[in-house]
Amino acid sequence: MNLSALLRAAAWLQQDGDYFFPVEASTNAGEVDRIYYFIFWVSAVSFALIVGATIYFAIKYRRTKVGMNPEDSPHHSTSIEIVWSVIPTLFMIVMFKWGFDDYVDRRTPPGDAYQVNVHSQKWSWSYSYDEGPETGMGWLGGEGEGLVVPVNVPIKLRIDSADVLHSFSVPAFRIKMDAVPGRYTYAWFEATKVGEYPVFCTEYCGTRHSRMLSKVQVLSQEDFDAWMKAQGNLADLPPVEAGQKLFQRKCASCHNMDGTKLIGPALNGLYGKEESLVGGAKVTVDDNYIRDSILEPSAQIVEGYPDAMTPFAGQLSEDEISWLITYIKSVK
Amino acid sequence: MSSTTADAHAGGHGHGHDHPKHLAHHFETLEQQYGSGKLGIWTFLLTEVLFFSALFVAYTMYRAQYPEVFQFASQYLDTNLGAINTIVLLFSSLTVAWGVRNAMLGQHKMLCINLLLTLACAGGFMGIKYVEYSHKFHEGTLWGGHVDSIFKADPADISEDMKEHSHAWNGDGELVAVKDLDPVFRQRLGLFFAVYFCLTGLHGIHVLIGMILLTWLLLRAMKKEFGPDHFGAIDFGGLYWHLVDLIWIFLFPLLYLIS
Amino acid sequence: MADSSHNHDAHDDHGLAHPVPLKLLFAVFFTLVGLTILTVITGQMTFAGFDLALAMVIATCKATLVCLIFMHLKYDKPFLGMIFLFSVLFVGLFLAFTFLDSNEYNADINEWVRDNMTISQ
Amino acid sequence: MTPSTNTLERTNYLNATKGFMSWFWTIDHKRLGLMYMWSVIAAFILGGFFALKIRMTLMPGAVDFANQTAEQMNAYNNAFTVHGAVMIFLVIIPSIPAALGNFVVPIMLGAKDVAFPRLNRFSYHLWIIGALLFTGTFFIGNLDTGWTFYPPYSTGSTDNTVILATLGAFILGFSSIFTGLNFIVTIHKMRPANMTWFRMPLFLWAIYATAVIQILATPVIGISLLLLLVEKTMSIGIFNPELGGDPVFFQHLFWFYSHPAVYIMILPGMGVMSELFATFSRKPIFGYKSIAMSSLAIALFSFIVWGHHMFLSGQSQLMSVIFSALTFSVAVPSAIKVFNWIATMYKGSVAFTTPMIYGMSIIWLFGIGGLTGLFLATLGTDVQFHDTYFVVAHFHYVMVGSALFGFIGGIYYWWPKMYGRMADNAMTKLAWLLAFIGFNLTFLPQFVGGSRGMPRRYAGYGTEAGYDSFNYWSTIGAMILAVGLTMALGTLIYSMFRGRKAPSNPWGGVTLEWQTPTPPPEHNFEIDAFPVGDPYDMNLCEYKGEEEGFLPVNPRADDPCVADVAIDPVYFEPESENAPA
C-alpha cells in the first residue's frame, strides 16, 4: 500500500534525527536545533532552580507544630526584585536576537534560488515548475512524485491556495509557511541530503486535513536533470493518459475510481448514468455535466454528498478539462 | 447598634433607619452610588469604542489597499443627506445635554420636552438613513458580489434617480465610467459598500438602542422621578447618546468626504 | 419639590449635581455645526494627500468639544477622562499594528491578483 | 461539636430563602458565585468528555487508519472544535473571575454586594444562553472549524453550526464584559475607607487586572464574530479573498482578543496563588508591590503581543519581528510573580493542606508552561513548532496546569467559607496526586512529538509516522487525569454532606472574608464596622485548636465570631501603628 510507503519515509526521518528533532536535511536545520538546545538548557536550569527551591523551602519550613509561627523574615527587597527581573531579560534578549537572525535568513530566499510553485487545494498539494511540467502531489496512495528538487540548490517556494488556508510544512527542513488564498507566500530551503521527506499540512483545512500529505524527493543534480527531461508535457501524452495524470493531481484526493465513496462520489462507470441532485432534479452524466461540475460544482450537488468541492474555474485550461472528461468516460 | 468611629466614611447619616429614598441597599452614600454609576457607564463607553474599532481598522486597511475603489464607490453616497444627518445628531446631542441639566435642576417639564426632541431627532436620523439605504438597495449598490450587477450599465443610461442621489453629479466632477475601471477594482467595489453598510448599520442599531433607552427615560421623567439628588439614569443615558453621536462625527467624514 | 426648582444655578447642598450653563451648551452646539459645514466644504476640495488628515483633525476637535462640555468631562474626576483616552489609545494601537502589517504584505496580494485576476475575467 | 463561628444551623446565605426561583433570580453575589461554579464544572465535564474522545481516536490501533471514513474524520474534527470552544468560552474564562471572584471579592472588600447586582445576575443568565447555543450545535450539524473559526473555511461551505457557535461566543463575550465592568466599579468604589490600593489583598489586584483586560479585549472579539456572522450569512466579502477581503485580517481581529484572553485565564489563577502562599506560609507575601504591579503589567503588555500566533500565517516579516520582541516583555512579570511566591515560603511555616499542594504543584506546571513559551516566542524555533503538538502541550500546561489547578486550589481554599464544611483530607490529596501524574503523562510526550513535527488537529497519524508512542502514553495519561479530576469533584461533593463543620477561619487567613461567620449571612457581615489592617499581617489571628480554627487576636466586643469569648474590645484606628508604612 503506498500509504505505508510514504509514511515509512516519515519514520525513516526519525532514525537520523536526535531525540527531539527529525533528521537535519537542510542548511537551516542545524541552526534551529542549536537555538532550541540553548533555550532548552536555559529553561531546564531555571526550572530545576524554581522547583528545587519550592521543594526545599516546603520541607525545611514545613509546619511541624500545628499553629507554629514563622521566624521573622523580610517581606520586601527591591534589590532582589531587580536582580530577578534583569537576569531573565538578558537571557531573553539573546534568545530573541538568535531567533531573529535565523528568521530573517528564513524569510529572504537567495537571489539565485530555483523557483517552484506550490499549489494547495482542499486536501492535496501540487507543484509546478516554471519551465518544467506540473508534477502531481505525492498524495498518499497516488503515484505522484511530490516535490522533486536537486540537492544543495536553494529552492524558493511560491505557495498559493485555491480555496481555504493550508500550510506547507517539511519538518526535516524545519520550514513551514501558510498557504493563504488570494495571495502568494514564500519559503525557501536548501536540501543537504538526498532522500524522501514527508510534507504535512499544518493549518486546519477541513475533513481530510489529516490526509493532506505529500513528500519532497531530493535527487542528485544528474538524477534531477534526467527526471526533468523525462517528464515532458502532458500535451504529448494520449488524452486518456494525460487525463489520468491530471486526475491524480487534481481530483484523486476526493474522488476514487474503485466505486468507494471518499468525499465526492466514485467516478468510475459514471458516464451516461443518471444522478439525482440535491433538490430532486435528475441529470444524466454527459460532457456538459462533467464540465459544469468541474467549473461550478456548488451549482449541482449530488444527493448525499457535501457541497465541499473547490471550483476549478480559472485553474484548468480548456484542453485539460477535455482530457479529464475523456479519462472519466474511459474508466468503467 | 453602636455607631463606631471606624465607620468614618458613613457621612452624617445614621444607619439603616433614615435610608435616603433612591439609595440602593448595598451602597453607603449617594455619592458612592452616583460615582459607581458614572464609572460604570464610562467603562461601558470604553467597550463601545473598542466595539467599533475593528470597523475603523477594516476601513483604514482596505482604503489603503484599494484607494481607487473607495474613491470611485464613495461617489455613490449622498453627501448632503450625510451632512443633514450629522447636524440632526448634533442637535439631538444638545437637547439631551440640556435635558441632563434640567434633571439636575428638577425642571421636569423642560426635561420631558428635551427628551421628546432628542427622540424626534433620532427618528429623523433613522428616516434619512432609511432613504439612503432604500436608494442603495433599489440601485443595487450593495456589498460583496452584488455590486457588479448595476455597474455594467453605460454612464449614458444611468437613471435620473441615481444621478439625483449621488453626489458625483451635484455640481462637480463627472462620474468615471465603470467600463474603463480596472477589472480588478470592479470586482472589489463591493468591499467599500461592505465597510459602509457595516459601519452605518452597526451605528444605526446603536441609534435604535438609544431610542429605546430614551423612551424608557421619558416614561420615568413623566412620572417626575428625576430630581437634584436622583438624576443618574438621565446622565448615563445622555452619555450613551453622546457616544453614538461621537461615532457618527468620525464616520461621516470617513465615508462621505473621500475626495 | 417646589423649592428645588428655583435654586437654578446655585450649587446644591447634595453636591452631586453640577449643571452646565445653558449659554455654554448652545455655544458648543453652534461651533459644532460650524465645524461640520467646514469639513463638508474642505471635503469637496482636494488637498495634496492630507485631506483625510484634515478631516480627522476637524472631527477630533468636534469630538473633544462634545466630550468636554456635553459629556461634562471637564467637571468630572480626571480618571473618567483617562478611561476614554485609554480606549482611544488601544484603538490606535490595534490600528497601527494591523495597518502596518497589511501595508507590508500588500505587494504579495497585488502580485497574486495580477497573475490570477486576468485569467478569470 | 459545631464550632461557635459555624452558622450551618443558623440562617446564612444558603438557607435564607429556599426554592429554585430564589436561586435563579437571586442578586446575591455569593449565590451567583456558586451557580457559576457548578455551571462551569458541568461545562468542564462536557469539555472533558470531548477531550477523552480526542485521545481515544488517537489511541494507536483504535481507528483503522488506512480506511478511516470521512464521517470518522468529521467526528474527530467536531470533537477538537467543541473541546476547544467549550473549554475556553464556557469554562476557563468565567471560571475564577465569575465563580470565585463573584463569591469572594465583595466579602474581601467588606461590602454587602458587587456594585451592580442585577447586572451580575444578567451576566450569569447570558452565560446560560451562550452555553445553550453551544450545546445547540450538537443537534443541528457538525461544528468542525476549530475554536478559532478561521475564514475562508468557516465562512465557506461548512454547515451553519458556525452561525450558532459564533452567536454563542458573542453572547458569552458580553457576559465576560459585564463581569469585568462590575469588578472594576466594585474595586474602585466599594473599598472601606482605610483599605488603600496597597492594602488590598493581591487576589483583588489580580481580579482588577483581569477585569481591565476583559473590558478592553472582549468587545473586539464581539465585533469580529459579528463580522464573521455577516460574512457567513450575507457573504459581504470582508474576509473573502475573491471579493478583495483578507483572511489574515480576521486572524488579527481574532488574536487581538484571544491573546489577552489567555491572560484573563491565568491572572486570576495567579491571584489565588498569592493568597494560598501567604496564608499557608503564615507570613506576609514577599514583594507585595511588585506582584501587584506585575499583574497590571501583564494586563497592559498582553495587548501588544498578539502577533506571535501569526508568525507563519502570512504576517509580514517586519511585524513578526516586532511581535517576537514584544512577546518577551510579557514573560518578565510572570517570572517575577513565581519568584516572589517561592520567596514567600522562605522562613515561613508551610502547611501541606490540599489548597497549598495544588498551589505548590502550580510552580512546577506553570514553570514548564511559561518556559516552553520561550520556544514559541523565538522566531527561529517557532517555525518548527507552530501548529504542532508542542503548541498544544504548551497551552495545556499554562491553561490546565496553572489556571485550572488554580481554580481547583481556590475552590478547596474557599470551600469552608462557601459550604461551612472542611474538604481537606487524605482523599483530596490522593485526587491531586492522580491529576498531577495524569496531567504530566498526557502532555510531556506531546512536547517531543511536536518538536518532531507532529501536526496538531490530525484525525490520525498511521503507525509508520513514528508518533504512536507519544499518542499511546498521552492517552493513558488522559485517563489518569480524568480519574483524578473526577475524584477531586467527588471529595468536594462528599464533604458538602459529611465534611467536618468548618470554623470561620480554618486556615488562618487574615483577609476580610475569614472574619465573618461560615457560611456568611446574606449581607456578608453581621457587624457594620470591621478592622482593616495589612491583608497579610498573619499575627492578627492565632490558632485556637483544630475545631475553633484561627480566631482574631484582638476580638471586638460585638464581633459575633467571638461573641461568647468576651475580652476587652480594642478597635483598629485607620492609622493605627500596626498598619504598615
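In order of appearance the chains are A, B, C and D, and numbering begins at 1 in each one.
Just so it is clear, a residue touches a chain if its C-beta (ideal position, glycine included) is under 8 Å from a C-beta of that chain, and two chains touch if they have at least 3 such contacts.
Source: prediction; values computed, not measured.
> If you check the contacts of subunit B and subunit D, which chains show up for both?
Chains touching both subunit B and subunit D: C.
> Is the number of contacting C-beta pairs greater for B-C or for A-D?
Between B-C and A-D, the larger count of C-beta pairs in contact belongs to A-D.
> Compute the distance, rounded to whole Å, between the mean C-alpha positions of subunit B and subunit C.
12
> Subunit A to subunit D: how many Å between their CA centres?
35
> Roughly how far is subunit A from subunit B, centre to centre by C-alpha average, rounded to an integer in Å?
Whole-Å distance between the two chain centres: 47.
> List, in ascending order, every residue of subunit D touching at least 2 other chains.
Correct list: 216, 220, 242, 245-246, 248-249, 252, 314, 317.
> Residues touching two or more other chains, restricted to subunit B: which are they?
As it turns out, subunit B has residues touching two or more other chains at 39, 43, 46, 50, 53-54, 57, 61, 65, 187.
> Residues of subunit C that contact two or more other chains, please.
Within subunit C, residues 86-87, 90, 94, 98, 102-103, 105, 108-109, 113 contact more than one other chain.
> With touch defined as at the start, can you tell me which subunit C residues reach subunit D in the complex?
Subunit C residues touching subunit D: 86-87, 90, 93-94, 97-98, 100-105, 108-109.
> For subunit D, which residues are in contact with subunit B within the complex?
111-117, 177, 181, 184-185, 188-190, 192-194, 215-220, 222-224, 226-227, 230, 234-238, 240, 242-246, 249, 252-253, 523, 528-531, 558, 571-574
> Can you list the subunit B residues touching subunit C in their complex?
30-31, 34, 38-39, 42-43, 45-46, 49-50, 53-54, 56-57, 60-61, 64-65, 79, 83, 86-87, 90-91, 93-94, 96-98, 100-101, 104-107, 172, 183-184, 187, 224, 227-229, 231, 238-239, 242, 245-246, 249-250, 252-254, 256-257, 259
> Can you name the residues of subunit D that touch subunit C in the complex?
On the subunit D side, the touching residues are 216, 220, 246, 248-249, 252, 256, 303-304, 307, 314-319, 322-323.
> Which stretch or stretches of subunit D touch subunit A in the complex?
65-66, 70, 73-74, 76-77, 144-146, 150, 152-153, 156-158, 241-242, 245-248, 281-290, 311-314, 317, 320-321, 324-325, 328, 331-332, 335-336, 338-340, 342-352, 360, 363-364, 367-368, 371-372, 374-375, 377-384, 386-388, 448, 451-453, 455-466, 536, 538-539, 542-543, 546
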